[in-house]
Amino acid sequence: MSEHVVVAPLVVALVTAILTLGTRRYPRGQRAVSLLGIGAYAVAVLALASRVVPLGVLTGSGGTTETLTYQVSNWPAPFGISLVADALSAFMLVLAVAVVVPALVFSALYVEEFAQRVSYHSLFHFMLAGVTGAFLTGDIFNLFVWFEVMLMPSYVLVVFYGRAEHTRAALQYTVLNLLGSAVMLVAIGGIYATVGTLNMADIARRLAHAGEFGIDPAPVLGLGAILFAVFALKAGIVPFQFWVPAAYRAAPAPIAAVMAGVTKKVGIYAIIRLLFTVFGTATVGGGLAPARIAEGLGFGMAGKSFLGLFGPVLFLMAIGSILLGGLGAVSRNDLDDILAYSSIGQVGFIVLALALAATGPQAVRTAGLIAALVYSLNHAIAKSALFLISGTVYEAVGSIRFDALGGLSTRRPILASSFFLGGIALVGIPPLTGFFGKLLVFDTAGKAIVAGEPFAGVALIVALAGAVLTIAYVSRAWNRAFWGSPSDPVTRSYQPTALVAVVAAFVLLVAVLGIGFDPVYRAAEAAAHAATDRTEYVEAVAPEVIG
Amino acid sequence: MQPSQGTLVVALAVPFLAAAVTPLLYRVLGERIAYFGAAIAAVAFALIGTQIGTHGTVTIPWIPALDVSLALYVDGLSLLLGLIVSGIGILIFTYSGGYMHDEPGKAKFYTTLLVFMGAMLGVAFAADLLALFVFWELTSVSSFVLIGHYQDQADSQYAARKAMFITVAGGLFMLVGFLLLYTISGDALGTATFRLAGSGGMIENAGAMQEALRSAGLFVPVVALIAIGAAAKSAQVPLHIWLPNAMEAPTPVSAFLHSATMVKAGVYLVGRFRPLLSTPEWELVFAALGLLTMTVAAILAVAADDIKELLAYSTASHLGLIIAGFGLQSVYGAETGAFHILNHALFKAALFLVAGIVAHEAGTRLLSELGGLWRDLPITAAVAAIAALGMAGLPPFNGFYSKELLFEATVYTAEHAGGLWWLLPAVAVFGSIFTFLYSIRFLSLFFGEKPDALEHVHSPPLTMLAPPVVLAALAGIVGLGGVSATFGVHLGPLEHFVDRVVEAVGATDPHFGYHLPTSVTPAAVMSAITIGVGAVAYPSYGRIASVIERLIAIDPLRPNFYYDGLVGWLDRTTIVSGTVQTGRLRTYAIWLLLAVASLALAGYASAGVVLPAVSSIVADPAMVIVLAVAIVAALAVTRAPSHIAGVLTLSILGFMVAIFYILASAPDLALTQLVIETLVLVLFLLVLDKLPEFYGEVDRTRALRDGAVSAVVGVTVFLTVLISTAGTPGQPIAQYFIERAGVPADHGSTLLDFGGGGNIVNVILVDFRAFDTMGEISVIAMAAISVITLISMRERGESQ
Amino acid sequence: MSSEPRPTDGDTTVIARTITRVVVPIIMLVAIALLLQGHNLPGGGFIAGVLTVTGFALIYVIYGLRYVEQELLHRTVVPRSLPISEGAAETDVDPPIIKEFGEIFTVGLALAAASGIVAMALGFPFLSQGVWFLAGVPLYGHMEVASALAFDLGVYLVVVGGLLTILAVVGAE
Amino acid sequence: MSAVTVGTPTILLASTSAGSEAGQPQVVLAIVLGLLFALGTFLVLRKDVVRVVWGVTIISQAANVYLVTMGGLRGAVPIISHGGAHGEVTDPLVQALVLTAIVIGFGTTAFALVLTYRVYEEHGTIDLTEVSGR
């Protein structure tokens, strides 16, 4: 019960945030606390992850994954709030660590002194606490709270550097997310009213045995769809992507890195958790009309499961995201802009894998989830690294607009090589992690085709089109910014050595994890199994029954 | 004999390791780094050479979880390619030592060239589809970097991007083909495997694989996908367009990557897959693709004025020849492909190096500005003669024999299949005529009159001269082997080696031999026609070239029409930023709200939610009044004539909500709401004090549209409330809190399993769900910091 | 408008000032009562916190911010032309009063988090609460002490500090 | 770890007691909430930033009312004296949730207001049609 290792990452992030608030008068102390805090956070996450997914699982030498639970305030589930650390949560937490550690180190060197003291570190750690809480919690209202904890700092961090366009971006971002929060409350309230509980494991169990609990699961599908929409808003999937480009461009580089790398993945995580763990086996009596239509169109398999609705929805959203992100990115004239649009498209690939997972038979489902997770990991690392590189370019040159860049590859070869590595990881060149992401998405589509899902062919074509668009915009960014004759600003640029060192070390991860892909795959596999194993999840939380 | 794992691994690893140290080593060695590269290539060549005669697979595990290994397979085909790559590598590195003398970016150049060589060796030996793909894409990436070597030139950038675009995208198609094969292998072999060659691989079970592919209806798609990958890499029509642009690279790169080795990867792939997929469909796809390319590219070569461009089109054309050979199912087809890979590598690399010498020493690459160079460059001229005549397919030079084989193969197929298949030999001859024409035209730059504009041309340094001489000598020896074989003296080792290649591409029990024609065979007649027509047409070369030029100036026929159109559109399109991401919050909010509403409604509809029957509308009259006032207040807010009026009515709404909470037995909420509402009012007044009065009169159509959106949202919420209040879940968890919040009648001195407070709401907040509260107070603290930050950070920091 | 008298200052009537003077202490008292009784009767950290802030807000609206700072909190008023220049005081990122409020919510957060961590130290999960019944306390005789009170106090401080900060910053503009 | 002993589930209350009124759809509230959301939406779509903030405020307030409604509107004030509950009390859980939501809502509203002020400072207007632009 008192497995404090589960709550440790969250407590560390919270305490660090509070300490950085308390040390605002001592800038050096504050920075030291912040950096130590992120180190402690990394240790806490790794300790948790190694408990949940033992090393043996990663090396393939045996061992089994565990699902750890923790009842905050010592009240039993489902009455108290449960924290659940299974392989999926652990995977996402480690992904977060991979991004936030370099991002914070980068920030300490990059964000100006004054800004760091005002609030930067506290906001950063609160945001991290929100992310951590969202990954760990097993309670939907608590999820709302941690979403808010994550969003509140992100609002102001978007507008951190005050300029007209930043303010505009923040206004849009804030208003859309406030609407999202209100909508989320409605969904949570509705689910509570119809299912009678807030605990995710309990919801899953009650939905699976609706009759015993006297529940009519029918309304839950619609309410769940509302909840899903809120998650999609966080993940920036079409048609909820509107805030993404402006917000990412406005945010300081390390914040854009964390938002694209981590907070977006919170949305993805929540979608996986909701659709596959909580709703995975939920069915409604009577006919699911779209499911029947889908049946006619060949989406088949899911039958009357909730996924019968979400599969096609995810599919359409994925297609929209891939095309919109790709076509948006390809003509932009500014590094951050390209990266922001690109992140819409890249998340589309993740969602595409999820769509295939939602509609396909079990083998395709597992493959799709693994693909989505591996793709998420690559996107987190590569995209965050690219945002940091863009920040470094800004620091060195004073602009990230193409018309002011050019010739960086001769002037700043290490920085340029870092961008190149990150860029081709996005494209999916082997043996980088991005390749495995694409590979597994394609493989899932291939499996679905062999399994006789006609729409899988469309998925494959869209994925190929998206990949071609990725080549187009990455190569264009490279040509415009890094090749060519050095522009005046580039000629006058200086070498921010420490920043370059951070980004170079960070971006190497895409190669290291690609070449040593085996443990990554096994981790994703364990996470995918955890995501679909509702029984294990429910049994680990073991919500009690009254009456 | 089994190949040696250690030897192979070292041969493959050495180039990569060398690449890793090259940037540092360059600081020590400077220009001499070229010879370091040559030495590395020589080491690889020697190591691979020791494996001649072996056959089999060695496996190094890589990703056991996916059953992917770096399996290396040795047979004739992989040895052929491996030896070409490392052997020509030696010569190219040596040549570069002279050629790159004055060029920028040498450290990057040699590093990339070494990486490329390693990757190409990987392509040659990989037995696993995934490993093959890894190396395959690495060659594309190194090609990108090398084509863009002169990175400040717009042409180089264009060329590099185009090459990357086409080869990497083509690779993705191929990857899909590989994955389909992988999935199918699960049906065919029991367990899914990426293993292509070697024991337990797909080729060994070709029959079962074909059957499984067919029953899944995937045979043709897989062949097509692999064809796209191969065509992209080997510059087959219509994906050939990147190759002429790739000539922007330094000449050693053109010779190495874009004629002798990298472009051979696609051809190699076709050869490798031949034993697995060779069927009538296969024959149709690749014979057609190959012959089309052979002809079209040869025609385009005739129109070229730049010698490197001519050679580039010629390369595409010859690769087409090889593909056509591998496409044909007869043993002659296999022999054509196998033998021509070798011949082409020898003569084309030599020609490129010659072109490099000419460009380097004469300062131009335009045929129209060159001529009569043999006086200044006699050795180069001799090399060019041997190589170009081989390219033309003139006996007794090496290219002649492989072209004879192609003719033989097409005639064989036509004789057996009849009908339209007779087009094959016709097209082969037709294309070959153009090959003859441009080959002679290339050679002509050494003969005839030297243009006045051309100054004295220096002879090249030895490092640049020796490599083409070696290549031409080898080409010459291969050619002479055919002559001597006519008299019974065979070039045994070579013929034996080609035998093994032929075997590797799927012919059983081959007996390869080549010699000059000794009787009037159809192939000999076709050769005679080719040469005869070519010789007759050559005097009209200028006219033919200008006809072709006029033809390819017509847009739909222009080779780059489609690529430039597509990429140009992509680079400028505002389809997203102009129509979707408009920057208008209104649009964004409409999409968000409508999407949420439609998701919810779709959910209700598809779950078949039945609206609850409303028997009677029982409602507390007080509540009805309060809510009615709230609605009126909200309405008034929307119609408020000023900000102040709006805020005041807004707070009326807030106070009504507070009263509602009282009626709903929620005193804590009511208190909080009341006080918060006051604070909000104060805050609004403070801020509004500084804002301009702005009412934004609403125009009618917009109001209607917004009204419709609002109505949809309203109806969705209405339904949601109706449906969810009708729910009667058993055992709601709230009961637990009611029971456990208080203090039980009997208790000890400490109480842990009860809340111990009378106010259940407060006990939930500070105990049962204190975790929520912890998050919530964090939000409040952050709201405060955020407000401070908003104010104190304005006008600060980065401006973009 | 920083150190200038607010236009409203002149407008507030004597009645308003007098009423404020009477009402505010009552509000404060009620707030503290609400905080302490919150566990058993309506109230608690939130309500008490927002009520306290309302009291301050009332003074602020009637008397102006300067009064709050100078007379109530004995702070010198610096021209609050935010953003404060970096050179002004090396350690001050906030204007004085906001710094004070900032400390209040920081302490509140720390208190709330610490109460949770203490539970961990005692071997219970994060944020576990307990109640102790003490016998023989003078005057009360029988008294119950809820650990949740510490947490609630933290909540109170955060609400007071946070909301006052917002009011002060907005008002200072 | 004595609190762990809570683990043994005891029959606390008959499950039907709280749900006795819950099955009755709240038509009046459904209409009111529908209208509030609709009016809030209408405001969010205006070009005056202040009105947009009002709209968001109304919507989040309506969401809170909705949440309270979800607890069922019958029953006594959820305050109990020592010794346990007597009589039927209304669902305290939703009230606690709404309390959390109200306070969070205040924080975000305050932020949105200051942001509005910033928008005015940066753009010299709070007309969204002028503020937008790509």
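Chains here go by letter, A, B, C and D, matching the order in which they are written, and residues are numbered from 1 within each.
We adopt the following convention: a contact is a pair of C-beta atoms (placed from the backbone, for glycine too) under 8 Å apart; a residue touches a chain by one contact, two chains touch by 3 or more.
Treat the numbers as computed from the prediction; the structure is a model and nothing was measured.
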| item | value |
| --- | --- |
| B-C compared against A-D, more contacting pairs | B-C |
| Centre-to-centre distance between chain C and chain B (centres being mean Cα positions), rounded to whole Å | 61 |
| Whole-Å gap separating chain A and chain D, where each centre is the average of the chain's CA atoms | 27 |
| For chain A paired with chain B, centre-to-centre distance based on mean C-alpha positions, whole Å | 25 |
| Length of the line joining the C-alpha centres of chain B and chain D, rounded to whole Å | 50 |
| Contacts with two or more other chains, residues of chain B listed in rising order | 577, 581, 583, 585, 589, 593, 667-668, 672, 676, 679, 683, 687, 690, 717, 723-725, 727-733, 735-737, 740, 743, 752, 758-759, 761, 765, 767-774, 776, 778-788, 790-796 |
| Overlap residues in chain C, where contacts from two or more other chains coincide | 40-42, 46, 50, 93-94, 102, 105-106, 109, 113, 116, 123-124, 126-129, 159, 162-163, 166, 169-170, 173 |
| For chain D, residues that touch 2 or more chains besides their own | 1, 3, 6, 12-13, 15, 22, 44, 52, 62, 64, 66, 69-71, 77, 79, 93-94, 97, 99-100, 103-104, 106-108, 110-111, 113-118, 122, 132 |
| Chain-level touch network, classified as line, ring, star, complete or other | complete |
| Partner chain A, residues of chain C touching it in the complex | 86, 91-94, 102, 105-106, 109-110, 113, 116-117, 119-120, 123-129 |
| Chain C to chain B touching residues, read off their complex | 34, 38-47, 50-51, 53-54, 57, 61, 82-84, 93-94, 98, 101-102, 105-106, 108-109, 112-113, 116, 124, 126-135, 144, 146, 148, 151-152, 154-155, 158-159, 161-163, 165-167, 169-171, 173 |
| Complex interface listing, chain B residues touching chain A | 62-66, 104-105, 108, 130, 133-134, 137-138, 140-141, 144, 148, 151-152, 154, 156-157, 160-161, 164-165, 168-169, 172-173, 175-176, 179-180, 182-184, 216, 218, 567, 570-577, 580-581, 583, 585, 587-589, 591-593, 595-596, 599-610, 717, 720, 723-725, 727-733, 735-737, 740, 752, 767-772, 774-776, 778-779, 781-783, 785-786, 788-790, 792-800 |
| In the complex, chain D residues that touch chain A | 1, 3-4, 6-7, 9, 11-15, 22, 44, 49, 52, 56, 59-60, 62-64, 66-67, 69-71, 93-94, 97, 100-101, 104, 107-108, 111-112, 115-116, 118-119, 122-123, 131-132 |
| Interface residues, chain B side, partner chain D - complex | 577, 581-586, 589-590, 593, 612, 614, 617-620, 623-624, 627, 630-631, 634-635, 637-638, 643, 646-647, 650, 653-654, 657, 660-661, 663-669, 672-673, 676, 679-680, 683-684, 687-688, 690-692, 694-696, 698, 706-707, 709-711, 713-719, 721-745, 752-753, 758-761, 764-765, 768-769, 772-773, 776, 779-780, 782-784, 786-787, 790-791, 794 |
